[in-house]
Structures are given as C-alpha cells and as structure tokens.
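Going in written order, the chains are labelled A, B, C, D and E, and every chain counts its residues from 1.
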Amino acid sequence: MAEPFLIGETMTGGYGGADILHGCTLAVERGEIAVIVGPNGAGKSTAMKAVFGMLKLRAGRVRFDGEDITALSPQDRVVRGMGFVPQTQNIFTSMSVEENLEMGAFIRRDDFRDTMAQVYDLFPILKEKRNQPAGELSGGQRQQVAVGRALMTRPKVLMLDEPTAGVSPIVMDELFDRIIEIARSGISILMVEQNARQALEIADKGYVLVQGANRFTDTGKALMADPEVRRSFLGG
Amino acid sequence: MSARLRPVLLFGAVALLYLATAYVYGWNLTLAIVNMGLIGAIMALGVNMQWGYAGLFNIGIMGFVALGGLAAVLISIPPVPEAWAAGGMGVVLGLLIGAATIAGAVLLWKKLPPGKLRGLIIVIFLVAGFWLYGKIFSPAVSAVEAVNPAGTGFLGGLGLPVLFAWPAGGLLAAGAAWIIGKTALGLRSDYLAIATLGISEIIIAILKNEDWLNRGVKNVIGIPRPWPVPYEVQLQQDQGFLAWAADWGASAATASSIIVKLSYAGLFLMVLLILITLVELSWRSPWGRMMRAIRDNEVSAAAMGKDVTRRHLQIFVLGSAVVGVAGAMMTTLDGQLTPGSYQPLRFTFLIWVMVIVGGSGNNWGSLLGGMLIWWLWIMVEPMGLWLMQLITSGMAEGYWLKKHLIESAAHMRMLTMGVILLLVLRFSPRGLLPEK
Amino acid sequence: MDILNAIVALLNFVVIPGAAYGAQLALGALGVTLVYGILRFSNFAHGDTMAFGTAATILVTWGLTALGITFGPLPTALLALPFGIAATIALLLGTDRLVYRFYRRVKAAPVIFVMVSMGIMFVMNGLNRFIIGVGDINFVDGERFLITARGFREATGLAEPLALRMTQVITLVTAAIAVALLFWFLNRTRTGKSMRAFSDNEDLALLSGINPDHVVRVTWMIVAALATTAGVLYGLDKSFKAFTYFQLLLPIFASAVVGGLGNPLGAIAGGFVIAFSEVTVTYAWKKVATYVLPESLAPEGLMQLMGTDYKFAVSFAILVVVLLIKPTGIFKGKSV
Amino acid sequence: GEVIPMGISIGYTGPLESMAPGITAAAEMAFKEASDSGLLLDGSTITTYKADSTCIDAAAATAAMERIVTSDKVRGIVGGMCSGETTATLQNVAMPNGVVMISPSATSPALSSLEANDLFYRTSPSDARQGVVMAEVLQERGFKTVAVTYTNNDYGKGLADAFQAAFEAIGGKVTINAPHEDGKADYTAEVGALASAGGEVLVLAGYVDQGGSGIIRGSLDSGAFETFLFPDGMVGTPLETNFGTQIDGSFGTNPASEGEGRDKFMELAKAAGFDGNSAFAAEGYDAAALMLLAMAKAKSSDPAVYKKEILGVANGEGEKIYPGELAKALEILNGGGTVNYEGATSVTFVNGRESAGNYRETEMKDGKLTVVKYR
Amino acid sequence: MIVVENLHRHFGGFHAVDGASLTIETGSITGLIGPNGAGKTTLFNVIAGRLPPTSGRVTMAGEDITGLPPHVLFHKGLLRTFQIAHEFGSMTVRENLMMVPPHQAGETLWNTWFGRKRIADEERALRAKADEVLEFLTISHLADQKASQISGGQKKLVELGRTMMVDAKIVFLDEVGAGVNRTLLNTIGDAIIRLNRERGYTFCVIEHDMDFIARLCDPVIVMAEGKVLAKGTVDEVKNDERVIEAYLGTGLKNKVKDEAAHG
C-alpha cells in the first residue's frame, strides 16, 4: 500500500516530564476523514500537536506528502499546506471576526474573498458579527470563528481538535456536512471528536486512543459497531 | 540541582560573598552591607506578598518606605513646644477640617440621589470646606515653620523610644495602603502599577514640601538609636569596653562600630525572621491556597465564594505594612530622614529586582534576593573600577582611552547591575529560588 | 490691549509649551505603547533607547557640521536622524536577538520581560554615558525660533512676549503624522494586522503562518524610529542629557497608561493630559488676572491653585482619577 | 615615614558631577605637594582613595565612605560635597570611626551647629552669609524686585530662605520663592509661575548640571527673564557652553577670595593642568592642606590627635602660608613653630569650624564668566 | 427557587438577553438550550452576579438577589461552572477542590499562626472529601498534577468537581459536557441525578448534547435571541417546530446524501 498522505508514526513524547504519547500512530489518506476518539486525557490533543510539530518527539516521525517533516517548525508546516484548529485558545480575541478570518488567509497571496464568503455562508452568524471583537462572542460562536479561520488557509490537510465542542446541533450538522464536502474536494481531515458517534459516522478511518497509545484502529463504521468501543468510549 | 540542595547552595554562595568581602574590606563594611541587605530583604518580602501572592503590581514601594521613615521622626523626635504653642492646634484643627470635608463629600455622594443637584451640593461643600481649611491651616503652618527654621521649624514628634516607630511605620503604611487600596485596587496590572507609582510620588512630594511635619527637604537629623544599640562614641569612652577591645586586638573605633552594627543586625534579623515565619505559616495554610486561587483566576475564585476585593485589600495593606516597617528601620539606621533621597530607582525598582531575582512567590527568595542585590549595588562600584583597571592594565599610562575608561568606571555600576540582572534572569528566569 | 496681553501670556506660558511638551511625551509614549501592544510588556528601557538614538544622532550631527553640511533653517540633526534611527534599529535588533528572544522562546511571564527590560535599561544607561558622557549637550542649530519673544514684543507693541520655537512646531507635526501612520499601519496593513494577531495569541499566530521573528523585527524597527525621533526632537527643544531621558520615562509611562496601553491614539491623548495637567493646575493666574481685572481688584497673591512643588503630584492625581473613571485609560487599552 | 591613606568623597556622578574633577585635582595637588616635600611626618607619603558621594543619595554616600574609612583606613577626608550627604556621612561614618572630614563645598547653614566632636570643618562659608552677599550684589546693581527659585533640597531651600530674609531686610521684594525638582523633563510650569509672579531678576539657587539649566532655557525661550543671579551651585562652565552670550549681563556669586593666595593657586592649577577657577577647587586644596599641616603640628596622622590642631593651624599666629608653600610650613611646624595657613581662600575659621566667607562676584560678558570683584 | 423577571442585558446596542422571564423550580433539573449566541451564558452570568443586568429582577427563594456579587451568592448556595474552564492553573487539582468550602478556619490569618491544630484537622477532612470527588470523576491520578497541565476535558471535570465540594442549593452548569467523553458524561449525568434526588440540589443545565438533556432534564427551557422561545418537557420541546428550526435542525442531512451517493 502506498504511504498515507499524512502520517505520524510511532510517536513518543510529552511536555517535558513523563511521556504522554507511547508509540502512537495516526494517519490520513488524501481526501479522507480520520477521526480520533478516546477518554479525556488520553493524549488526543497531544498527538495532534505532535503531528503539527508543536511538541518535541522523542521517537517516531511525521511524514507528509511523501516527505519527512519531523524537523519542520509549525509555521513551515502551515506553508506546506497543513491547517490546525487547536482545542483551546483558538481565536484572536482582541481582533474582529473578519480580521480573524483574514489572519487565517495570511499565507495566501491570492484573492481570498471567495473563501471568506463561503465561510460566512457556512456560519451566517459570523457575518452578522464580522466587526465585533471575537473575544466578545459566545462559546459556540467562537468555535465557529476558529473553524472558519482554519478553512481560510485552504490547506491540503485540515486538523481539527474538537471542532464541535459547544456548538448547537444545527450548526454541528452543518459543520459535519461541510467537512464531508471539504474531504470530497480532496482535502484530508484529521479530527478529534467527543461527539463521537456523529463523527465516526462520517469517518473513513477511526482511531481510539487510550493512554497515549492506539487501542483500536478501524473504519468508522466498524468501530461504531464494536460493542466494547461503544460501551467504553462512545457512551453506550 | 535538587530542590532541597538548591537553597542551601545559593545561601551558602551569598554567605561566601559576604565572607570574602569581610576578608578583603573588613567586617565593618560587610556588616554595613548586611544591615541594609536585611532591610532590603524585608521590603522585598512585603512586595513579594503583594506580587507573588496576589499578583498586585505595586511600583509605589518608595512611598511606603518613606512613610515608615516619617513614622521614625514622628515617634522618636521630641516635640517642639514652641512650635506647638505657635500653631500646633491650628494645624491639627485644619487637618481635621480637611479630613472632615473629604469624608463629608464622600458621604454626601453616597446619601444624595444622583443628579445635577448632587454634584452642585458636593462642589459647594468641598469649596466651603477647603476654604475653611485654608483659613485655619495656612497661618498655623506659617507660624510653626517660622519657629527657628534653621534648627526646627516643625512640630516635632512624640519623643518615644524609636523602636515603637517600627510598628508605627507599619501602621502608617498600612493606613495609606488602605486608602489607596479602597480607591485603586479595582485597576488591572499595569494600570494599578502606574497608580501606585503616582501615589508614591505624591507621598514624597508631601514629605518634601510640608515643612511643619518633618522639616521637608531640610531633613530631620539626630534620630536616636533603638535599644540596645550603643553609640560608638560612648563605647570608646567606656574603660571596660576599651580593655575588652584591646583583648581582641582591635582598635577601639573598629570594635565599637562593629558592635553597633552587630546590634542592628541582630534586631533586623529578628524582625525578618519573625515576619518570614508568620508569612510562611500563612502561605502554607488554606489562607495561602485561597490567595493563590485568587491570583490564578479571580473570576472563578469569586464564583467559589471568595471575596476577591477584600482579600486584595488585605494583602495589599499587609504587604505595604511590612514595607513600612522596613522603611522605619532604615530611617532608624540612617539616623536621619532625607526626603530628597527617596528615588524610584533605588527604592522601587531595586526592590523589585530583589524580588524577581530571588524568585517571586518564594519568601526565602526575597531574603536571598535582598542580600545578593544589595551587596551588588554597593560592590559593583569598586568592582567596576577594578574591572576597568584590569582592562586598561595593558594600555600605556596617559593613553586617552585608558583615562576615559577609568573615569567612566563610576558609571559601571549601572552597567554591571544590568548585566548581572540579565544573567540571573537568563539562567534562572523564575528567579534563583522559584516558587514551588 | 490688556485682554490681548492676557491671551498672549496664556499662550506663551501655558498653551504653546504645554502642547509642545505634550507632543514630546506623546511621541515617547507611542513607542512604549507599541511595545506593550505587540510584545506585551512595559519597556523600561525606552527612555534609554531614546537617549541612545539621540546620542547617535548627535554624533552624526557633529560629523555633518564638521563637514560643513547643514540643513538651512532647520536643525542639522534632522538630516542626521536617519542615521541615528539606523543605529538604534541595529541596537534594538541586537538586544532582541541577544536577550528578549530567549524569553519569548520559554514563554516567560510579562513581569519577567519587565524585569529584563529593566536590566537592559541599566546596561544602556551605562552605555550611553560611556559613549557620550554625562553632561548637557546642546546640538540645535539653524533657525531656533519662528517667533522670538523680543521680536514679538517689538512687532506688536504688547507688553507680553510670545515665543514659538521651530522644534515645537516640528514636534507637534511629527507627532500627528506618526500617530496617523501607526494607526493606519496597525489596522489596515497586512503586516500591521499580523502584528496584532501575534500580540493576541502567539501560538495561533504561528498556526496561521505568521512569522513571529518578522513581527518582532518590524516592531523593534518601528520602536527604534519612534524612540529616536522622539529623543532627538526633545533634545533639540530642551537639550540632551542622558539622565533626563531616564527621568522622562515616568511621564511617558503615565501618558501611555492614562491614554490606554497599546492604543496609539491613547498615547497622544495621554501625552497632552499629562503635559497640560502639569502646567495648568499649578499655573499662577496673577499675571493674567492683573490684565483682565480692573485695577482695584488686582490680586495680591499669586492666584495659584497649587504650588509648582506639587505639579508632578497633581498630574499623577489626575491620572489616578482618570483611571478610576476609565480603568483601562481614556481610549480602552489592553492589560496583560 | 609611613604611607598615609587619605580620602576624597565627592559626587563623581550625580547633579554636580561637572564640579567634581576640579575639587579632586586641587586636593590631590595639595597631597602631592606635601608628599613630594619629604617633610611630612618624617617623609611620609600620601595615597588617596576616592568615594563617590553622588551629592544626593545619602545611603550610597554612606556606603562609599564606609568603604574608604573602614577598609582603606583613611585618616582624613576631603568631603562631602553637598550638604545633605555630608551630614549623613559625618554622623554615620566619620564620627563613629573618629575620622576628620573637611568639606570644601557643603554650605548649608544647618551644618554650623551640628554636634561633631571636632571632626568636622569646612573651608567654605555658610549660606547664611551668601544670602546676605547676594542681597548686597542686587542692591548695588539697583534691582528691587526679584523672583527666586531653588533646587528642592536642604542647600537650595536654606540658601533661598537666607537670601529672602536678607533681601527683604534691605527693602527688596521677593515676588515668589518656589522650588524646582532636579532632573525633570520639563520646567514649563515653574517658568510659567515665575513669570507670572514677575521680577527684574531671577535668582536661581539651583545646580548647573541639573534643573538650573532647564529653568534658564525655559526662561530665555519664553522671554520670561533675561537676567539671572547665580549663587555657587550655578557658577560653572556649562553656563558658558550652553548659554554663552544669551545670558550676558547675568551675574553670580560664589565663595572665593582674591589676593596672593588665589593667584598662587591659579598658577599651580595651571601648571597641574586643571581649571583653578572651577567652583570650590580652591576650597578643595585648602581642605587637603589643612589636614596635613595639622598632622605635622600634632606629629601624628591619627585623626583623634591631629583633629585638635586644625583650628590652630588655620587661625594661629605665625608665618602666613599660601598655596605652594606647604614645604615651608611643614618645616616650620616640624621645628616646633607655628603657622597661619591662609591658602587659596584666605582661610580663617569662624564658629570653630567654617570659613568666614569671602565671595567673588562674576558676570557674564561676551559669553564668558568674568570676575568682577571680591567681597 | 429562582425567578427571573423580564431580564435585559445589553452590550452597547446589542441585546444579548432581551426580556427573558423564567422560573427554575426547587428540586428540578432544568435544561437550558438554544442556538449559539442565544444569551444562555449571559443569562447565567447575570444570575450568578458576574454581570450586572441592564434591567430586570432575579429572586432566589423569594429574596431579591439582583446584582449581588458572586461570592455573596456562593454563600447563599448558588454555584456555577464556566463554559470555558477557569481552573487555578498553578495549584494542584486537589487544591483546586480543597479551596472551595467556605468559612475554613485556615482562611483567617490569626488561625494560620495560632490555630494550627484546628487547621490540620480541617485539612484532613477536606482532603478526604476532595479525593472522594476525584475518585468519582475518574481523575484520582491527577490529584497532584498542576491544573494548568491537564487536558481540556479534564479541566471541565475539575470545574464540575468544585461544585461537588459543598452543599449547594442550586448549581448552574454551563456546558459541562462539551469536550467530555460521552461515557464519562453518562456517569456525570448519573451523579447529577443522584445529587438531585438524594441531596436535593436544584440544577440548571446548559448543554448542546440533546441525549444528555433528554436523560436529565425536566423541564427544558429554550432560548433564542435573548428571549425564552419555548418551555416544556423534552419531548414537547423536541417536537416544537420553532425549536427545530432555530436550534435542533433535522439531523445529519448529508447522511441521506451520503447513502444516496454510495448506495
């Protein structure tokens, strides 16, 4: 099998103290959706950061589009076409909504008004609040800004850490909807989700992470069907 | 370096510095540095309480130090009866009227319904109050200041033993801090900082210009020494002491001033240890936990039932009181109050450097920082000269650069101080003894 | 006539000098506010940066005059200014590389940055005296006055003089241009926005592909330009002395804070608030009153609200009051 | 002979740093003269130690002085420089350690009455006297109303008050007597208040390296004042370099006396390569010389012993001694004789410790400070 | 228990809460749902004293509590959690919990010097209590970890844990579920029900997970644009057309599309 588009292989590392990740592997193919689930503190966010180069790895490597990028800085990864929405602190609170989106498009030299229109289309509330400082938004609205910002990058691979936390059902549906669409357009999606059932439903591949290591890896559907996974990780 | 070993090693290193100083320059100078270092450490302790414990950014330390100094004058200097006779009552009455005017205005503000009328009434009240105040206060002040201006020209103090001035300095500073806290503690970080800075400048302005209170810039000299510190001159006339000094093979002058300095050091150390113990006990209790919670996240601490404003006020007042005590101690040690010498660089920034270099949030860090930084502050001057001599030793006598460099040596103090501060922060950004 | 005299006295001793001093403070405060806004700390080394920039400019000015180059009616120092700015840029970039960068890497708390800047302040303080000495240096040349006191008296026949200095006018104009440019730059340009983004959330800025090193570099470059300009204009108007520049730090900070930290407009407003509060509250109205009031009512005393001994205290008291009403300054400022 | 350590405690940094080199050079010149003569206490020589008294920071001055006294063991000190710092170091260091201090320049009236154990003298007069001299100068020049501003410290305030009292006593009018702080960025407010109060002359009891210059600048620029009276703290070369002809017609007073002593001193200074006219330089020479002569008279370099001889050497009977004649004086003293040290400033102590007060009056002419007369 | 009458809260010209009136019955677990930006958190903030209302009134058990500061409300038994976790970062997780109980003897300076014994006893009890809560939340292993160094979900658990340290009368939970693992969320739901039944806590719960709401809440209040849109049982609300349109939507649209495409 050809190598996946983006892969973090047997990643081991942590925040300086004890290791959090123990040989964890995550991968996503071109145009596919991979979903990571697992208990709180399993290391999901840590793994995402590791893939994005925000954490020093003690072992393992990250390959992207056939190249080893383990040593690249996060900025350079952005330039290569990776986009990331962190779990927390994922907006510029003092800047207006529109400026947040502009910052998403920072590395783009082309005209990004189209993309912005699309984002506003997806999250109409943001258009209403375009000139308001993002820090004054409600929790769910902030989350929409965060995702919108990442979409503005037009990345080749989009990494989302719990994009739906705190958004209302209707927006969540829209969001998942859009994620599928994005994937269809050839962009790979790697995301962490606690709304796991909905997420796995649309996932091509699912990972269950426990204590920094892969516990289960399968297609989304298969994981959904596994009773143990359902009981222990998806809330029955 | 393990967490236990580190303090031991660092304190050992500072002790070595002092020992080396004693070896090179003698105990007299060393003890003089020790004494000021201890006072610096107490000030740093107070600031550390405010910053390390509550995140209150106070850069008005100088003001509280000065208030402590004022207390030393007001407590220990004997009253000047002629001045009291000339206008003492007028001054007191004037001050009372002034205070009543402000209190009354605040009361009116609270009691009256909002609106234009309220503003008008208050303005009229204030103007009338201050007119009356001026009428009574100004002539009284002139009368007081006219009494032997070269020698006294002020009301004097209570003539009590100067040791009482230390708690009194604390109280005075605490009182000022309470007023400041009541008004300004709502401000955030740097805004609070500038407000405190401003208020300390106001305090200094008052000390410099209100001659009836403390002779203003004419300085008050001759503040008596605290029990049990003797006077060198007396010691030098005491036969028993002379014999004893001769036994030790020390000259009378040296021995006497070492005795004096040691007595001060003993007093200061005692105060310092008592304060550190009290503070440490609190810090390691639920009280400390609560304060840290407030520091970490005020919003959430309030939601968990902690009265953030009250606690901020409490720690601000306490920390300032500690600084005030140190201020009174310093003026006692100096034996005189010189308002002109209160400068932010020396009494605010330097104390901050002590806190940060020592390690904010760590009381022992304040002690370490105080002793180390004060030593540097004094010793970088000769060290700078020495360094310059070293650098220029290869140059020909009379070479212009050599002359320029040696002459600039006095300015090396700032430079060296800066370099050392940067080095410490570089290799131990959270201070030498970080908060655990 | 008397009314005229009163107005002229007021202009000459309050309005013009107050405005010029306000603009000087404002220019300094702009630099402070920019560092606070983008790099998120109060830069205590700013006064000494200004001194360094000025010292460098003075050296070049001397060089130029030695070569016989002058700037017509304008001070030669303005010609030397670009060189001074360049030197200051080099200094600040060097400092950043050598010192600040490390603390950004380890994500040190703002107060650590403040302390570090204090360390740099000490070092620069020594450095400046080393380079140019401690004395008072007067380096203004060209036409010093647009209107001289004596000339005005002779021309108008008024008893009161009126003086307007070239440097005062230049300072005011420069301050206005600087704030407009800065405002435009931060809010309208890509680099400006990326700087604000960086100041808001460094990690996220990284994730947006913003190059932090670039942002920091640009910030220091602007700060160097502002500081040198402010320092040179101040020095031209008064005189250069390393120690005074250090003392300037206090009112400059006060201006930046009262205006609202991180806000360029605030820096301007703050500068004028501080300057005018110093000048007006302690102004002795006697002279003006003597002109305006009939002879019989001529005042005995100085008609001074407060002695000048309290001018600093008064301006700080005003500052505190402003902050009590608007806790983050006149224009909503930031707080870390 | 021994090597006698002597101290000089002067503000090398701080508001009067420009006066420091002159005083130091003069004092060192006296030390050298005595050392070279080989006649001081059986051919003893002198080494000097300097302490930076900063002029304003009493604590720093104390610490620096503590160092030269306790560790370098100096036997006498030329210093301090400014009055406040001098009081502090005298009480905290010199008296406890029993070291003699002779200040060349601390002029505050408060120093006249300080308890000092015979350890403190000054070769400059009290400002109480300078106030009178200033008033006389104004009167002679026909000025009736003046404004006064002073640097806000004990020196400035003491001098301003002394002047006001003296001037009003002879019928002059002081429109305002207001302080200014040193080292501030702007003096608009002060100049505004002074201008509003008005006056023919501005009496500026400040420091020339400090706020004093700022006040002059502000006054000139706004046309508030054109003529100034400069007391001792202002009489310095910065006046010439910074203002030059702009303040022509202004005048100053500072302690100094004319005559044989001064001329000799000027010659010596010229030979040694410094400006003998620099304020308080001559006093510095005298301070240093007096201690040495007292040592010779007491036949001891122990301050506890020689302190008692200082008055005798200065006010005594015997041969008059001028600068450059230390060798002669030492010879006389070694032989058991007595001398009357006149020095560069016609030293005669009054009040048991300070110079009686000779002043010179200077005027700015063509941008230069020129001596008009002595009084 | 809590009655909110015609409450308004404006930000500049924006009406975040725009005349909301609602009642939270004693002993109920009331759900509060609504689209993003409906004003739910703002409403909480006003009730809990974090923000002053522009107008309107809040009473608790008949007592007017409008505009009282948070710490006073805490002492009246009103607790809340934050939507964006507000942990005490430099303290350990256990300390985060131990600081909560009010009136600790050790919070008085005097006692910290002269009442050490009493403090020690009290601390032991607090510690046991905190460990019990941590155990319950399945994060015992984090007890000694700095709260700044735990995962996003774990922070929310600590946030919830704090409310379990005292006997509250009413607890406002702002999206405790967001970011919490669903299996654990079920356990939390059980705990809420138990606290409600056994200890008589009243709850008001904001949550976007309808399963969670359905399991716990009766009644459910729906907010939209600062006003109360609907109120009723879960089923009533779920089938309310307006609620579906504004908030719930019609489920995963693309699922249908997806199946069509692949099928």
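Basically, a residue touches a chain if its C-beta (ideal position, glycine included) is under 8 Å from a C-beta of that chain, and two chains touch if they have at least 3 such contacts.
Since the structure is predicted, the reported quantities are computational estimates derived from the model, not experimental observations.
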Touching both subunit A and subunit C: give me those chains, sorted by label.
none
Using mean CA coordinates as chain centres, what's the subunit B-subunit E distance in Å?
46
What is the distance, in whole Å, between the centres of subunit B and subunit C, each centre taken as the mean of its C-alpha atoms?
30
Whole-Å distance, subunit A centre to subunit D centre, using C-alpha means?
77
Residues of subunit C that touch at least two other chains are 134, 307, 309, 312
Would you mind listing the residues of subunit A that make contact with two or more other chains?
none
Each pair of chains that touches, named by its two labels
A-C, A-E, B-C, B-D, B-E, C-D
Show me the residue ranges of subunit B that touch subunit C in the complex, using the header's touch definition.
51, 57, 183-184, 186-191, 193-195, 197-199, 201-202, 205-206, 208-209, 344, 349, 352-353, 356, 360, 408, 411-419, 421-422, 425-426, 429-430
Subunit D - residues contacting subunit C, complex
13, 17-18, 152, 176, 178-181, 183-186, 188-193, 195-198, 209, 213-214, 217-218, 221-224, 238, 241-242
Contact set on subunit A toward subunit C in their complex
52, 54, 74-75, 78-79, 83-84, 86, 89-95, 99, 102-104, 106-107, 149, 153
Interface residues, subunit B side, partner subunit E - complex
278, 281-282, 285-290, 292-293, 295-297, 299-308, 314, 435
Could you please specify the touching residues of subunit E with respect to subunit A in the complex?
11, 33-38, 40-42, 83-84, 139, 142, 149-154, 156-157, 175, 178-186, 208-211, 246-255, 258
